[in-house]
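Each chain gets a letter, A, B and C, in the order it is written, and its residues are counted from 1.
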């Protein structure tokens, strides 16, 4: 039950260490708080190793990489792996520069992520070496649709098998895959793409869910993805005449805060393939 | 027609690369999304060159400079110029330190900006070498008023001619000048000064407008400045008892999202001198 | 009268230079603006010294330290001290890593803070060398309660005496202590802990209050702490069905903007020990 995953997060109140971009870092912190976790950010190499040690998981997001934070990702990632903590990668705009793709792959080897969450173009960049010309957004040509769903489910499972991580590909249809099973999730709204950082927020929330739900990580990941999509729906339902993407951002985080287990079970639209 | 400029942005959905300060970076991203563009931020030298190549324009904002981001500004600026992309400079707090003024001037030579947008004290610092003691705000003594309007229009045109850029000086009265023509714009509200980053947001929006409207850049710049001022007015009209500057920030971005071409044409208060 | 402190801030409009973490930097800027000050952020060593010189005070927050910003803290801190400016330290997550505790202590010697504001675990880390395992939150075991109030007041006064700073320990019960007097403040709400950065915002506001109220700094600090707690209460009273921590963040900053002197005097719940 997804609701159990939600309740575990609220009970455990997991500490999530994020090394993340400065564009959406505040929203990630508030999203982690909203879902029931406690965020801390430390991206100086001298600081990151100790900070990660007191946390339950590490959320690495390459949204605006620099040399210092990349080094902190390596050091904290290695330590986090030694400690058996949850490790999540958000490969923002992988494929938009050689550096981003290269750093992701290096970190995949070094850190060994429990889960990787990105849009379909980012995941294709990691898996296939393709490049993107739409920056932080997925290319329309890459989108997961009903027409290519079987193929994309196979891609997600195959990549999950190859890298040994849960693979969460989010977009109009979300896929959350392990090597041999894949949740197909149909929550969320297209307007979420007009708010910066909904993907980044989800990666922080996902890390909290994985920490608090060690026994079934695939279900926990699916719960986090359903929750984020549902938050987009609940948030949208509260929008009023004249509201735009700034208010929508707030409504989405508010919904992460207010949605309870019953709402999540009732609102989640997922099937397992 | 300003409305045409607005519609072009919503059709083209231009990718805007911002190298900008971390104070308002999230608001810049959401403002670019609100007006119809797509934001990406990359300020590591190794990353910025490739990222800028896939975008339509580069928005450089010196709000909190450091050595790494300054180097990224140089590299991305040079590449953006080679590619003939739109380049915008926001000289935040130029005049508040020698470093800020120096970096702006260096970048002006190296990058050759299509447009420079700042408050009057910042533009005077660049043009005249004056210094300011009010930090990120304009000094009251510098303000563009009806009393000094002719003189300030001449200053804006003269500086536009000298540096070969559109010069947008924003404040109670906004000036958007090319070498031989200047829009005088009377949109906006004084309360916008109590929200951090309205200038930064405008610079991002301005970059999107210039990318999507290559044939008349002066009009496109005027459209962006009118839009931002109008967003301040529309946003204010939705304020309720007990609301303050945090809600006003959201209302301004919301208005950037909702204002359509008709509203812009009807609400814009500008004259060409 | 606390209201006098508030009015002085709104009259003086003090410039506050913050070298602060990127998680909450935008909220700090908007909180400083809300209370009547003017924020500027500069954390590059080459920039920070000059920027601090035009300000009335310096707010150092170690929320996400790096080498560059640490060096800027040293340089700006030294200059600010030479100029007799207000200096405030926010030792975020001191005790969570050796680096954080060490940097705070080094800065305490170098900069000589007028005020230090943190949660009880952070202040214990500085005073007693203890470590914390709850990241940016205080450990429950450390909390100031009615049961240990006498002891904690003595601790706050003792540490204030030792380091020559006003010591503000914020939590369910706030203590604002000088060597021989301590305000015990009972404003605020527990839900403020679910919004990232309320402590950071308070440190910025505190700096503004100390700048604008040089004659009675202990009272000024108490006024800032009461104001922040009251903003949490006023903000909460405006929350509606479905609102969560994102809206609460906005409501808190809005309340900093709207609360006037009369409301502050009437709403403040403090006693002097």
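Keep this in mind: a contact is a pair of C-beta atoms (placed from the backbone, for glycine too) under 8 Å apart; a residue touches a chain by one contact, two chains touch by 3 or more.
These are the chains along with the protein names UniProt gives them: A, B, C = Hydroxyethylthiazole kinase.
Remember, it's a predicted structure, so these values are computed and weren't measured experimentally.
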| item | value |
| --- | --- |
| Chains in simultaneous contact with chain A and chain B | C |
| Chain C against chain A, contact positions shared by both copies (same if over half, else different) | different |
| Angle of the C-alpha superposing rotation, chain B to chain C, to the nearest 5 degrees | 120 |
| Interchain centroid distance [CA atoms averaged], chain A/chain C, Å | 32 |
| Junction residues of chain C - those touching two or more other chains | 22, 26, 68, 249-250 |
| Complex contacts: residues of chain C adjacent to chain A | 21-24, 26-27, 63-68, 93, 96-100, 132-137, 194-197, 242-247, 249-250 |
| Interface residues, chain C side, partner chain B - complex | 15, 22, 25-26, 29-30, 33-34, 38-44, 46-47, 50-51, 54-55, 68, 234, 238, 249-258 |
